[in-house]
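Here's the structure, in structure tokens; my notes come after.
To keep things simple, chains are lettered A, B, C, D, E and F as they appear, and every chain counts its residues starting from 1.
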């Protein structure tokens, strides 16, 4: 399940296209796009709302899938979903960072907008990975639309990758943000390892499915006991109440 | 504004009672109870949903108040609210920890259920205060109901406070969880400083109001640009869209 | 009690003026200026000596006051005073940082002299708040006197505030150093939240008084047992010896 | 390539058996056992020597394989190999920890001998993952041989897993050490997610191969320039000298 | 210069006796005992006062010596002295920790009174060495006097050393507190490396003298500019005013 | 024992020359140069191999010496040697950092090649000293040979020292890398304390010898039990097998 918490279908499609390139033989990808929320999530407040929508989307479709990829940077609803559902749930930011840990000592993010920087830094801090983090690089210049940003800033971002490696000491560079899906594969002359987050997320979701972690019945991620709720969507409400 | 994201009115009333005891002259307390969500939030998944409800409640009532206290432990929706609204927003866990920093070197939590422990630890980590943290103590024994837990475990929790100070090296003990509101004031013979989170939150909300931090128009907490949303409550939708 | 460990009366007066602006109704401010020590503390060695003077000043006047603000940046004698006396003691640097924690994710300091930078960094480290810290910004240019530095560098410091937010990623900026008291209130167009340390310290001292933390008789801040001393001022000696 | 730096062939065989269980369709496993060094590596000094042997083994066989798993706990030679060779190299301890990050907040190790504890702790520290670490649990009792330790301590280790979750707050438990390969799959009633390191390493090696990180020509993991060496094995010497 | 900031001459004598055992050929030890302050420093408040006394003692005698050892645990006045004087100044706690870093991965403290525990922990934190720290062990039982505590608790402390190594994972154990001077040398059968702080301090002071670090005229430890003071002892006042 | 793991005899000679300048009366220096390995170690992979050579060199000569200095930056084989042998073993990087801790709050490295930077940063991280670390400064310009680099970059490095103090806030600067041995002593006008690593290592090795830490028989650095090995040099093999 490739779950895009943003409402933009084109974004889902381009991420699904990239994702299929790394899928292992025998696996199938089911893409879903949020039907409520926001066109493109880009603030803590939007992520708070979108995270609840993510939970409902998984509740609706979980019987059709073996593992879930939350395909929005910042991983809205990730920890809540991991607590609530028995199947593996993986986020793009988390999967990209975790993959980077296996490629070098320190990783950087390069992304397309300064506005995203604090959010990325917070992802790193939430994951407890600051000691492996070499910083975020963002362009000085703006762009027209998230649909075309990958073309618009192609050369600018390539220079930022170079700077992240040479000036910031990164061994691995993550090209962050759904609109940059597949860009890592296009920089064939990069000076160090690059990570494409959607590829990393799909690959790690498969890895988790293969390792079969069982749902916890003790500890911090134990499934919460049944609880009635008010004003919640049907599928999510049933999940909270253990009646699904 | 005393905003209880739990749906239990009795809990709001007992917190409001305690809060009035520390209110400064001239201040008024407006308590609100969530009308959707859960009777009592106690998991990450419930907090994800409740955080979105918190945003809507503030969007509805923000013109009537000068500052907001989110009165549920774990502070659901806190950072999102701080980003979205111009008035000060304070959480119980955060205010309790921050107040504890001014009373001693290391603080502990004592609470009524082992189930809450990872959540508290995550609050400390999210606040970046691990180096001032001496741990969480929870009782071995259970209890009948959150309405009466403060009486049921009165002696048990007093012993845990003692242990937190003597064995864990805490200088300050926070009695965490809405059902323990006011308990700190009742342990008159405590060996070290105690913090009642609802008192701390109200006091810090007043302090923030007095210091008049202005809403950011740059940086990580800059108000997000106007954005249309789908399927959101009216007041919150208007706030996201800057049409309120 | 507004306790200025510097001997400069004018500095006490200007801080008292600012402090009165945030005092809650019914509170009174008693300003005191050190009568020994240094005109203006600006090194570790001077703070070592001034900290002992702070202890004596509190010992002399503690029966007239409900809470103490140590009004010199770097908070000389703060932890020692918190250990030795039963009433709340708050430092300017500590109160400013703690207040900043409630306004955003990361805070910076802007101050008037490069010479102060390591001292501020040490304050952050001593408080264990490095993960919330975005750095110190100081001007390249000098100034004539601490009495007029606020006017002299008014525009220069405003630019540094801007840079701290935009380049360093600070959500909150603390305008540090007694000579900058009240400056935060004058930058009405700041891009993010500003903190005036003397205002923060007075506000937090009131908050602490309202929360009534009791003096510890166990743990790290337990009052030390009675001890005779040689060569100490009368009031302080009596406090050490429990004969006051 | 499943590279066992220990000289014990039986250990290689049992790890290869477990590894095949998680291999994705189309992948083939080539196991190799060290022909010099030690029967079973269990100290820093032995790992220093074995790490050099690992480099030579990869130098000999790298043209036959797409990715390398270093199958000894403690990951001897891992970072050096990652620097020296163009194909992905993954260690058991590192892969297990990284996989655990995607399953819960905090992970623990359970292993069969107290003697291994400091080594595991050092692995966590070297990976910068202390903030996600809940500790190591080892049995009080001894065992006859590493060949049979999995049977001998089957019940004892199961209890330690339980304690790691309930008492230490682990969300995920890693069953560490080559002799415990496959044990995670046998505890079908575990209270939380378990990780089998050899399964994790094979799965992550496949993931890395699929993500195609390119060898660095800048940064910390840039391939070292050609250099002559004295007294080194032929294949490794050729690699250092870029003549292979 | 062996500077004892405690007023107890017997303590100075026993430390001097131990110190002479590790002095290198050609070096001479000049012991001094504080003539004001406290018989035995054991709180933050006492250390604040004693630190100022330390500065004056160094100011008086610095022309007779090549290096200074501050011989009280907790190192009162250490950083201030390092800033103010041109000769090397070494503290007992700091020298013991730094020496321990060269003997193993993690160090513990064993001392004679629970009361000292938070102070030791604060020394570790102030030195930024928490990641190398395995904890403090103190006896459950009391003792008659600091003069005889080393005999009284000889066996009890030996057991604590054992526990620090076996249960806490310490590679090195520091026997902390002036009254335990020389005890490390008496435990000839210790399971791991032991550090005697006064021996470490004298040895490190000699090392520093040999390395000849020059007094800083820039940076955080730059000598402070001349400043007049009020109410300070003659020698110290002259030092502050650069008139000595 | 001054053990140079690099094969360059001239480097050993110049380090021995500097080392003799700080040797205490009565001590003798025995220099040894590696006879296998590399002319100059400058990568993780080379250090992995050289570390094993270091162990064999100590095994061969340990009966002739009282303490060992591993005289290559990055300290190859240090922890393994400390585990395997009963006499004190000190590394250049570690000794320089530890000495710097006694001279100021934060230390920097200045070295001659950008290529070394990640290695130094890793040394700091491995030692757990990040909180005391102010960064590495390396020249923009290149040089002809390590034999003459000290002359070639004399002025360039002096400027970097200045920048490390003034811009990075270092209190102490370590001039890292064997080819810079003795340079610290030549910058007589440095703005802050400088550390020459070979001088620091020799001085600390003497200090350790004087403190007589005994070899551990418990804990993380306990001597490993006897073990047979295959393909190892005679002296090292005998040490592993306890037959020397």
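Of note:
Here is the rule we use: contacts are C-beta pairs under 8 Å (C-beta built on N, C-alpha and C of every residue); 3 or more make two chains touch, one makes a residue touch a chain.
Source: prediction; values computed, not measured.
Relative to the C-alpha centre of chain C, the farthest chain centre belongs to D.
Averaging Cα atoms per chain gives one point for each, and the point farthest from that of chain E is the centre of A. Same interface as A-D, judged by over half of the contact pairs sharing residue numbers, among the pairs B-E, B-D or E-F: E-F. Homomeric contact chain E/chain F is classed as same-residue, with over half of its interface positions used by both copies.
Centre-to-centre, using mean CA coordinates, chain C is 29 Å away from chain E.
One inter-chain figure worth recording: chain A and chain C are separated by 43 Å, centre to centre, where each centre is the mean of the chain's CA atoms. Shared interface positions of chain F, i.e. residues touching 2 or more other chains, are given as 79, 105-106, 117-118, 125, 128, 130-131, 169, 171, 219-220. Chain pairs recorded as touching, per the definition above, are A-B, A-C, A-D, A-F, B-C, B-D, B-E, C-E, C-F, D-E, D-F, E-F.
Those residues of chain C that touch chain F in the complex are listed here as 117-118, 121-122, 125, 130.
Note for the complex: chain A touches chain F at residues 105, 131, 169, 171.
Within the complex formed with chain B, the residues of chain A that make contact are 7, 35-39, 42-49, 51-53, 55, 77, 79-81, 83-84, 117-119, 122, 125-126, 128, 219-220, 224, 227-232, 236, 240. Touching chain B in their complex are the following residues of chain C: 22, 24-26, 79, 82, 88, 90, 94-95, 98-99, 101-106, 127-132, 165-166, 169-172, 190-196, 199-200, 203-204, 206-208, 210-211, 213-214, 216-222.
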